[in-house]
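Look at the two complexes coming up: chain A is in both, with chain B in one and chain C in the other.
On to the complex of A and B.
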């Protein structure tokens, strides 16, 4: 291998904006929604530490159309994250065997999505049950 | 052989990804849409007194820290890898930017939880 003049295949700078790489870019973009939602929660936590006035200002922000639109985008990103996360999971984990049979990737994905759906319902019921 | 430090960042990435996959959509729906609008949930759901009591409890603290810190580390790992693949800037600059932000905000989260006491 020559280190003096390695061959660099020319790559178009906007490669990520075209199929098939666009699917990868969109999947990775769900990270923006996950981190963005964490930032909103962190802002709430900081205002909670700062006192009642600051916290109520944050609650006021949550009621604005800007915040509601932002959270609709976060929700779309989160759902895309759930979907893609369990598509990737069987590819990144060791093969799972039940006795002699190796579990197909499709079934692992389906199982993960089922657990996520059950978790959604449970958290929703906890929220309903802990209302003031 | 020079060891890569990348695996250090895969653990919070994976943990945050799994946590977000299991509870992310429900949390966004509850804290970002239902509680603020009062649709399907009491408008007092996230009142100051209730939020304060939640953040005061050790279990509440653990949930807040776990969700905020792991979601941040998960998201910034994806943003870092994507920006690196886009050749947006040098690898080291992107590492400092992404991991630096996640690290600093993790400390801010701990500090806010400590102030609440």
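On to the complex of A and C.
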């Protein structure tokens, strides 16, 4: 007869709040900021379709202190999301070959971050250029 | 080296707090502290051996090669999954530091965990090459380019140490999750241009306990002592599984061809 009596330790329910998992938790939580941005834009599109009055009301909302504070939060969340997301991205895709060799993961992360930074600058310049 | 020179070097001491569990007498695991003299070149495994030889012969732990090849001595050292043979004690000086059995696995005794579930999973994934087309001896070897090799090579470096399982919170929540290590082995064959059994293995990948239990935490790849990158193996299979799902609508049941693995055999 076996005298084995394996002991299963309980799983720590707050594992996501501890250091090795913090980057992951931050990445997933800041996804809310991305969705928030999308919702604000969607509201803008809907009010644009609804007519001039609705659109100007939406523009008016964007200028309120509440909206500005929300957008600062969204921006911080978005930057954290972009940063952590491009760290994990090379692990979520098939290995990319460049000629006869596999592209190192660090280069994929750097490329993603560079594209994100460039798009930010381009959109900023376009937005600034269209200001009256 | 003369014996007194050896003792002169071993001037420093550190306290190692080991989680002990003796199934006959302990209701639950308890910490036990040991004061261990150590030299700069001593590994945590050597520290445990010192305890067993000089302080307490009842302490149980697995080890074999002491050079990061056999994968036996994985444990939680200072709360992190590491190989005891690859970790030096001086990192934790002045201490104390903890040594516990690998997280998420049932403890058999002291630092020894149950590995039966892990072995069963390995058995289930057809862990061998099943050639696309059988070649006769006179037709020669199955050829492969260096790039085709590079697509799966790190996945073949796994030493089954299970550190990645101790790092994976999803395995902690669901012990039936196939997990990072076995998925790396699965991808070692699925990603091999000579293999033709992807469809069989994908049946396992598609399930809830397959690739979709993973939430891309990525810590498994960080703790891997062999740079196998199991997180990449699991997530490549998510891509493949999703592709298979959509390819069904195009009339390709299973859908697993060489599409995602790239090149076909020359």
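One rule holds in what follows: the second predicted complex is superposed on the first by the 117 of 132 C-alpha atoms of A that agree within 3 Å, B and C clash if a C-alpha of one lies under 4 Å from a C-alpha of the other, contacts with A are read in each partner's own complex, and residues count from 1 in each chain.
Keep this in mind: contacts are C-beta pairs under 8 Å (C-beta built on N, C-alpha and C of every residue); 3 or more make two chains touch, one makes a residue touch a chain.
These figures come from a predicted structure and were not determined experimentally.
In the overlay built on the shared chain, the residue A:16 is in contact with chain B and with chain C.
Using the contact criterion defined above for the overlaid structures, shared-chain residue A:71 touches chain B, although it does not reach chain C.
By the document's definition of touching, of the two partners only chain C reaches A:8; chain B does not.
Applying the stated contact rule after C-alpha superposition, one finds that A:59 touches chain B and leaves chain C untouched. Of the two partner chains, chain B is the only one touched by A:49; chain C is not. In the superposition on chain A, contact of A:103 is made with neither chain B nor chain C. With both structures placed on the common chain, the touch criterion links A:120 to chain B but leaves chain C unconnected. Touched residues of chain A were counted for both chain B and chain C, and B has more of them.
In the superposed model, A:94 lies in contact with chain C only, and not with chain B. In the superposition on chain A, the residues of chain A contacted by chain B and by chain C overlap at 16, 28. Those residues of chain B lying in contact with chain A across their complex are 16-18, 20-37, 41-42, 44-48, 50-52, 55, 64, 67-69, 71-72, 74-79, 81-82, 85-87, 105, 108-109, 112-113, 115-116.
Put simply, chain A touches chain B in their complex at residues 13, 16, 25, 28-42, 44-46, 48-49, 52, 55-56, 59, 62-63, 67-68, 70-72, 74-75, 78-79, 81-82, 85-86, 112, 115-116, 119-120, 123-124, 127-128, 131-132. Every residue of chain A that touches chain C in the complex is listed here, in rising order: 3-9, 11, 15-16, 20-21, 23-24, 28, 87-88, 90-95, 97, 100-102.
Those residues of chain C whose C-beta lies close enough to touch chain A in the complex are 21, 23-24, 28-29, 80, 103-104, 106-108, 114, 145-147, 150-151, 167, 169, 172-173, 215-219, 221-222, 229, 231-232, 235-236, 238-239, 260, 262.
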